[in-house]
Structures are given as C-alpha cells and as structure tokens.
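You will see two complexes here that share subunit A, one where it goes with subunit B and one where it goes with subunit C.
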Partner chain A sequence: MVTREDVENIALLSKLFVPEEELDSLTQSMQEIIDFADEINKAPSSDEAFDNINNLSNVFREDEVVESYNSEEILKNAPEQAENHFLVRNRE
Partner chain B sequence: MKYELVAGFETHIELATKTKIFCGCTTQFGGEPNTHCCPVCIGLPGTLPKLNRQVVRYGIMAGLATHGEIAEISKMDRKNYCYPDLSKAYQISQLYAPLTIGGYVELSSGKKIRLHHIHIEEDAGKLIHQHGDTYVDYNRGGVPLIEIVSEPDIRSIDEAREYVEKLQQVMRYIGISDCKMQEGSMRCDVNISVRPAGSEKLGTRTEIKNMNSINNICKAMEYEFERQVDLIESGGQVVQETLRYDDATNTTSSMRSKEDAHDYRYFRDPDLVTIHVTKDEVEEIKASLPELPTEKCKRYVDELSIPEKDAQLLTKYRNISEYFDKACKGVKSPKTVSNFIIGQIFSRVETESDKEIFDVAVSPEQLNELVKLLDSGKIRNNLAKATLEKMLDSGKGALEFISESDMGGLDENAMLELCRQAVESNAKAVEDYKNGKEKAIKALVGFVMKNSRGKADAAAAEAKIKDLIG
Partner chain C sequence: MGTIAKIHEMLVSKQCSCAELTKSYLDEIEKSNGELNAYVNVTGDEALKTAEKVDKKIASGEEIGMLEGVPMTLKDNLSTKGVETTCCSKILTGYKPIYNATVWDILQSQNSVMLGKTNMDEFAMGSSCETSYFGGATNPFNTKHVSGGSSGGVASAVGANIAAYGLGSDTGGSIRQPASFCGIVGLKPTYGSVSRYGLIAYASSLDQIGPITKSVEDASIVFDAISKYDDKDSTSKGFSGDTYSSLNNDIKGMKIGIAREYLDGVRDDVKEAVLNAAEVYKSLGAEIVYFDLPALKFALPVYYIIACAEASSNLGRYDGIRYGYKTEHYNGTHDMICRTRSEGFGEEVKRRILLGTYVLSAGYYDAYYKKAQNLRGTIVKAFNEAFTHCDVILAPTVPMTAFEMGRAVSDPIETYLTDICTVPVNIAGLPGVSVPCGFNAKGMPIGMQLIGKSFGEAEILNAAYKYQQAAGENFKDTKWGVKL
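After this line comes the complex of A and B, so read on.
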C-alpha cells in the first residue's frame, strides 16, 4: 500500500516540492503505477530468468585510455558554470 | 566502569587502472577541472557504461590477498542519492552480490580481523565549497574503487592502526593501488561503539568520516571513544549518526541531519550485465600474485632464522623484500644479508617513501657477491663492511675494492708476528690488562686487525695475544 507519507518521502529524496493539495491524487496515481508494475510478479518464473534476458554476461572494456572531451564540451549543458566547474548555487 | 572499544572499518581504495571503471577517460590524479570527462562519466542520458575488465581483475586480486571467496556471479547495483558529487543522482556500486565475500586481515598477534566483503564501485566527483556555492569537478567521478568492509572485530586503537597498515601493505604488494591517504587513494570510514568490558551486546555506533592519515584515524577514534564513554557515564545515550573528524580541533561533529537519513533505494543496474568469474580464472589470478607480506615474514623467521623484528622491516615494502630475496640467493647466512640491509643500506635510505622505492646504488647481485666472499672465509667482516660503504658510494662491485692480497686468511706466522708487534708497541694496554682491566685486550686486537687490513680473525688474535702476555 502506498501512503501519503511514502509520497512525501519520495518527493523529499528527489528534491521535489509537492503542494499539500496534490498529495492525495499523487498517492493514488503512485498506487496505480505500482499495481501495474506488480503484474510482472504473476508471471510463473524464478527471479533468475529475468535477470539476464539477453543471456549476456561479462561484457567488458579493455583498460585503454580514450581521449576525453574538452571542458567546454563537458560544461556545454550545465545550467551554470564558473572557472571550468559546474556551479551549484546554494538555495538556502 | 571499564569500557571496551568496538570498531569496524569501511576502506575505499582507488584502483591503479589507466582508465575509469565504465569509460575510457584517464584516472590520472589532478588535471584541469572537468578535462578527464566524457558523456558516460558525467552521466548524460542515453549513455551506456561498460565495465573495465581490469577493475574486476584487481578486485579479485584484493579478495584473494585477503583470503576471501570470489563470487562466481556478481552484479552491479544503483545506490540512489541526490548530491552534486554524483551527476546521475546514483552511484554504481554493489550491494546484493559483491565480487568477493569474507576473508580476513591477520595482525601480528595472530588475531584475524574478519572481512564482510569487498565490492567494486565508482568514485564521486570533487566538490569545492566557496562563497556559499559549490563548484563541481568530475575528473574523479567514475574512477574505480574497491570498498573493503570489515566486521566489527577491532578492539583497540593499536589494532585499528595495524589493520590499516596491513591493508595498505598488502594492496601495495599486489600492485592494485598506491594507497596514499593524503591524496585520497585510500580512505577509511570507521564505525565505532563502546560497551562495558565483558559485555557481548554491541552498543549504538557512530560512523566517523574525513580522516586523511593513519594518525588522524587513531586520534579521531580516541576522541570518539572518550566522547561516547562520557556520554554514557553521564546518563546519556549515543545517537547513531555520521560524524566528521576535524583534525585542526581534534574533535568530531555531526554531518547529516535526521531528515536526510539514509534511504538509498538500491536496485540492480539494468545497464550492466552479470559478472561471471570461473574457477579457472580465479586460479590463474591466484598463481599470478606475489608472495604476500605476512607469509613472507613468517618464511624469513622460520626458514631463514631472521629475527621477527628484522623480518618485519624487510617485508614492509615489496621492493625491499625482493631486494633481500635476490641478495640471499645461495648465501650461507641470510642474517648477514639482512644485517647489511637494515644497517648500512637503511642508513642511506632514510625516509619511508625512499624505502618504498628502494633505489640503492648497490644492486642485490653485488651485495650477494660480497656476502659470498664473506661466507667462504675469503674476507673478514670489517673488510666487508668497509667495502660495502665504498660500494654504496660508487655503485661499483666488491672486487673493485678488494685485491687478491686482501683475500684468504692470515697464515700462522704472519698472525704470530702481528700479535708480537701488538704486544711490543702497546705496553700501556698490556699493563692495564695484567692489572685486571679485561677490556684493554681490545686495543691489542684492534692493532692486529688494523695491520692485517681486516684479514685476521679477531677471536684467534685475542687468544694468541693472551698466550703471549699470559
């Protein structure tokens, strides 16, 4: 059972603000999502069968250096930047 | 009431791979901010991490070197938390199926500190807090780590110190990390609690972070032990929390507030496939490991009759022990080799970091040659010592300094002649000896040694001189 407290907690962990009046409807939506996902538990199978549906294991890279991106490229999508760093503003 | 300390360690060690755990960016320390990055290690949507083969190998090596069991199947999990040091808002780690399970670190007392497991994971980025804002550099983000989690088996500060030193030593021996605490390539979090001595029940623990040297770990633990005891004695209760150690004030303070209580919602990372390690692979890696320091130390004591203290010095760093092993090949007395290394050679390699590198002017083969000359009785100890000094100064071999005429003992007549000369030219010492001053004989023996250029046998000379003046 998803409770209002669960939704509040998830919002907190995700750093999201949820207005009081939306809590009930969100709790209900969340319950529907969980119920939908729970369908999979009805499938007659062990945990292992879903573990690795492509039958893949040991997909490795060799330890060889590949050129990195330059910092302009890396910072291109940063909301804010300063001195070649991502900048995170203190909002408190 | 007497209290007992109970502690366990979580030790992060940066692996010495060339590239990051899930992409080909370099792991080099430092560098201009955000220049060792790519879309994978800054966690852009649509990228696919791919595990570095060498990380798995190093993790297995760490497990084997600490007597752990290597998991046939292990998996990567996501540890979710929202903080700017993780651009993806999760760290890829292992919780449910770590790479190695169990194992232990043996202290010199014979006590074993059990390990819970070792897992592999990615490091987070570096945060610089200034002007109230946070500057983020992701160069370190995605650098591979192993986390070694111990059981709460540590009962004293001394045990804690030795545990960390032993881990550091063994990880350096097998070459998977340089384990430099100051540079952050080895970091320890300590879980610590206290309980009345004799009690079996564990007390409430706190976790201390942010210590960058072994000395600081010990100081922080001492402080925290006192703090918890005082709290209990005064009727209070220890609160389970994470503490930050501040070495400037030598105190601990609370790091996280309650509403941020850990809730990492771990789940299997769907981007990464199962790691499957076969028994053959484990055997192959086991065979490739060097002899480990604890075993080496035991072997030196048991088989080579090296005193335990000396054996510990010889095995502290891999380079020293390998030097010793080479210099010992075929010699009669490994103890002599050990004495030369710990005495004359160490006096020229003073700092710990120099000892670790152990770049000595005299090669182990050259030392071996010198000791064999000594073994065969061709030269005497004082000459060997003086020769080693010259070898260390010049880097040249023993035979550069020892002539044919220096070799071979003194014949009887020459010895007798020198002893006579000693008695004749040291009347004062002879008289002192006759008057009961035992030590005066040393001056006479010294004369013989000097004038034979170290070829005489000191004990034989002493006996002969006693005969002469007897």
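After this line comes the complex of A and C, so read on.
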C-alpha cells in the first residue's frame, strides 16, 4: 500500500517537490504502477543470479595520462560560474 | 537498391551534387516539419558545409565511402559537439556538449551530412514521442496519429523522406516501436556491439544505439559502420565481421521460432500480418517452429522496475549546477536543486524517478529490484534455451498500430503495455529488428520483429532482407519529402 507519506518521503529522496494538490493523484498513480510491478511477486522464486549480459566484462584502460578537457570548456555549460568554478548558489 | 546505395550512386555518377541533394532535403524539412514536428533543431549551415567538402572530394576524383554525403539525422539524446542536445527536456535546454557521441564521431569522420537533431520522448521515457518538451512528432502515414517512441522524430523523418536514415536509441523498444508505427526498419543491436559513449543515459544496462532506415540493406550498412569497439564505453565489445556480406544468403532450412506468448493479447490484424510473414518464410524454405516462453509473462514489470531504478540514479546528475536549466529563485542548495528538478523535468520523467527511488529504497529493494534482477536472469536463460530450438524468433513488434495523438497521455499503464513485445530483447541484451509486414484496414503500417542470438545481427538481417525481397509491397513509401 503506497501512502501519501511514502510519496512525500520518496520525493524528498529524489529531490523533487510535489505540490500539495498533486499528492493524492500521484499517490494513486504510484499505487497503480506498484500493483502492476507486484506481478513479479507471483513468479516462482528463483535465485537466478544476474550480474551481466552477454558475458561482458568491464574494460579498463592502462592508467596513463591522456589529454582531457580544460576547465574553460567544462564550464561552458554551467548556468552560473565564478572564478573558474561552478557556482552552486549565491551566498545569502 | 536501398536509399543509401542509391544516394551513393547519384553522387558518384554526378547526377546531382551533394550540396544540391542536401538543399533539397533542407527544403523539404522546411515544408513539412510544421506538420510532422520530427526535427527539434535543424543544422542546415553545418550540413551544407559538409556537403561542399564531399563535392570537392568528388570533383577531385577521390573515392567516397558509402555513407559519405548521405543526409541523415540523430536523435536528440546523442551528444553532438557544439550542437544543442536536449533529450527534449526543459532541464537540458541550451546544453551544447563539448564532445561527440562515439557513433557521431565515426559517422562525422566519414563526412555524413547531419541535417539536424530529431524529436523524442523526454529522456527517452515514453512510447508515443508525446512526453517531448517540444510536443510529439507525428506519423507520416497519418499525422493525426503518433510516430511512436521514444525515437519518434527519427522514425517520422525517415518515413517522410526528410532524412535518408537516422540513429536512435532503444531501451525498451524505442527504435523498433516507432519504426513499426512508421512503416520502416529499425535495428536494436546486441548490448555491447555499439558504443554507448555520448548517449545520454536513461537505463544503462538496457540502452543501445541503432539505425532507423527505409530498407534492411540500409540498416545493415549503418550497423556495420557504427558497431566498433570503443574503450570509452566500459561495456563495449564491438561486432566482429560484418552483416552486409551475408544479407542475401539462402535461408532454406533456417529455423524460425514463434513463441506463443508473443501472440497473446495482440490485435487480430497484427497477428494475422505476422502469421502471413511466417507463410512467406515457409515459401522461402525456412522451417517454422512453435514453442512456449512462459518467462515472458513477467518481462514488462521486470523492465519497468529495472529501467526506473537505473533512471532514478542516472538522472540524479541534473542539479542545475554543471549544465542545463537552473531555477531562478531559491533559498539554499537543497531548495535550488529541488526547484530546478521539479521545474525542469516533465511529468513522466518525475513519475519514473519516483518509482525507481521507491523500488530501490530500504524495505522495498528485495521485493522489487532484487526480485526483478533474479527474473532477468530467468528470462536470459529462457531465451538461451529457446535458441536451442530455433535460429531466430519471429514476433510482432507492437501489439497494435500507431494510435491517435493524445491517447497515451491519459493512462500510464495502458501506455506501458505497448512495450510488451519489445522489452524482452532489452532485458536479455539480444538484437532485434523491426520490419514492415503489412497494413491494417485504415492503412497504418504493421511491423514484425526478428530476434536473434547474442551478436546474431547477421542472421536476423539476412532473414529480414530475404523477407523484404519476397514481400517488398509492405515497404510502402509516403507522400512526403525527397523523391530520389
């Protein structure tokens, strides 16, 4: 059972604000989706391990210094920047 | 002959210059994009610059590659250096990547002419293209209907001949489903065969980039070009060999499997078209084998649990600090991040982040996420077992044809059900290609899907190519765009 409190808590963890007037409809819609997801608990329990598809293994390169981006380029997309840094927020 | 080969021949034989060809594509985009809404960003100047480069090469007698000078498009979640890449989300408006996706690096180095970036469901979350911040792309067969999604813009553009081909991404059907809805070909490659570097992540263990094209031959050409090993993607494997040289192989004796579960709940007109295709295969000497795949019953909830869990983690990066949209008024860091995300994400994206956070949270992790991962293992095993009975699996791509605009928005669960035939392939990391196989009474295209073993692209494209040769009448052109 998904409650209003659950949705408020999950929203907080997700760093999303849910307006008070949307809380009830969102709780209901979450409940419907969770009911649908609950289908899987009708499946016979299995301990089939799944950690990887197609036997892929992680690819690591040699630990060598390679060319990367300069900070000017990296900062190009920042909504706000100051002194060659990302600006998180202004001081109050 | 496919569209790509035709364009190549036109350029090499100097029937037209690449600049002329590119201009005619741009003119057609100008004329029809208002109604199709396929492109969200047209990059005409860049396209013409590349075209001139190709023309110079041709004029100087240099040989050009098959994809060189061919006008194409990229889904807007593929990073293009210096060209806005938004995932059709407000939260990424204005974002211009400082690097290229590897697939675009490959194609750009071959002088591919990119006409622009195409529409998609926001962050690829949707099955109708309508969750796009820019509104949905429409279907070239009937613009009152959806293009499908999430790569709806690419499918609409290719179906309407305002791009020769395009690249999309497929997490739960996002290449195959819109290709099916728009009457064209869409290939979702094996997980690991095409580098995901520069594809803005939705669900990393399911995402895969692939071609959307007019013909099977074109899909093979593009796949062979982009399926290269890449050390920038930790799950990259590349594809050894090619698919093109075996396209026309005889399929006599090929075992084509039909899992009964794939036909459950599928609309009659779709089922009939797929079963007709099975008859075509029989006439080509293939053997049809029926079997059961009961694990498929759980594929859809497994998919939504895993995809949303991964999305909730992947989309944690949008915080208004490093790129994209940032809220104007806020009170402290937490408030700034929450406001940015609440204002920047659309409804469906928020819903999936919340669901993903829920299934990963303490107390629910075992019942949902862990259980879904276990079932993922069961589904992988079931497919492996199925491929001991057959070489490829034939199934519908979507249980229905393209529905009318506006319908998907009202009921999330009903919309999720459209993905029922496509998600198993992503869960198991397998390749699948959607191919047109008929039309319903209203003239909307029906697609069928050929599913292969891991890295079995050559086999499914071979089977698809033979079908296109035998049943070419199902590959119908639309009234739109450039006529070659």
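We adopt the following convention: the second predicted complex is superposed on the first by the 69 of 92 C-alpha atoms of A that agree within 3 Å, B and C clash if a C-alpha of one lies under 4 Å from a C-alpha of the other, contacts with A are read in each partner's own complex, and residues count from 1 in each chain.
Here is the rule we go by: a residue touches a chain if its C-beta (ideal position, glycine included) is under 8 Å from a C-beta of that chain, and two chains touch if they have at least 3 such contacts.
Bear in mind the structure is a predicted one, so any value in this text is a computation, not a measurement.
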Touch test for A:15: subunit B only (first), subunit C only (second), both, or neither?
both
Touched partner set for A:37, first subunit B, second subunit C, both or neither:
second
First, second, both or neither for A:6, with subunit B first and subunit C second
second
A:68 in the overlay: touching subunit B, subunit C, both, or neither? Say first, second, both or neither.
first
According to the contact criterion defined above, which of subunit B and subunit C contacts more residues of subunit A?
C
Per the contact definition in the header, classify A:85: touching subunit B only (first), subunit C only (second), both, or neither.
first
Which partner does A:56 reach: the first (subunit B), the second (subunit C), both, or neither?
both
Counting contacts the way the document defines them, which residues of subunit A are shared by the two interfaces, the one with subunit B and the one with subunit C?
13-15, 54, 56, 58-61, 69, 74, 77, 86-89
Residues of subunit C defined as touching subunit A within the complex:
94-96, 98-99, 190-192, 205, 231, 233-237, 297-298, 300-302, 304-305, 312, 316, 319-326, 330-334, 336-339, 341-342, 345, 350-351, 353-355, 357-359, 361, 367-368, 371-378, 380-381, 412-413, 416, 428-429, 454-455
Subunit C partner, complex, touching residues on subunit A are 2, 6-7, 10-11, 13-18, 26, 29-30, 32-34, 36-41, 43, 45-50, 53-54, 56, 58-61, 69, 73-74, 76-80, 86-89, 92
Name, in rising order, each residue of subunit B that touches subunit A in their complex.
17-19, 22-26, 32-39, 42, 44, 50-54, 56, 80-82, 84, 87, 128, 132-138, 259, 263, 265, 268, 272-276
Interface residues, subunit A side, partner subunit B - complex
9, 12-15, 51-52, 54, 56-66, 68-71, 74-75, 77, 82-90
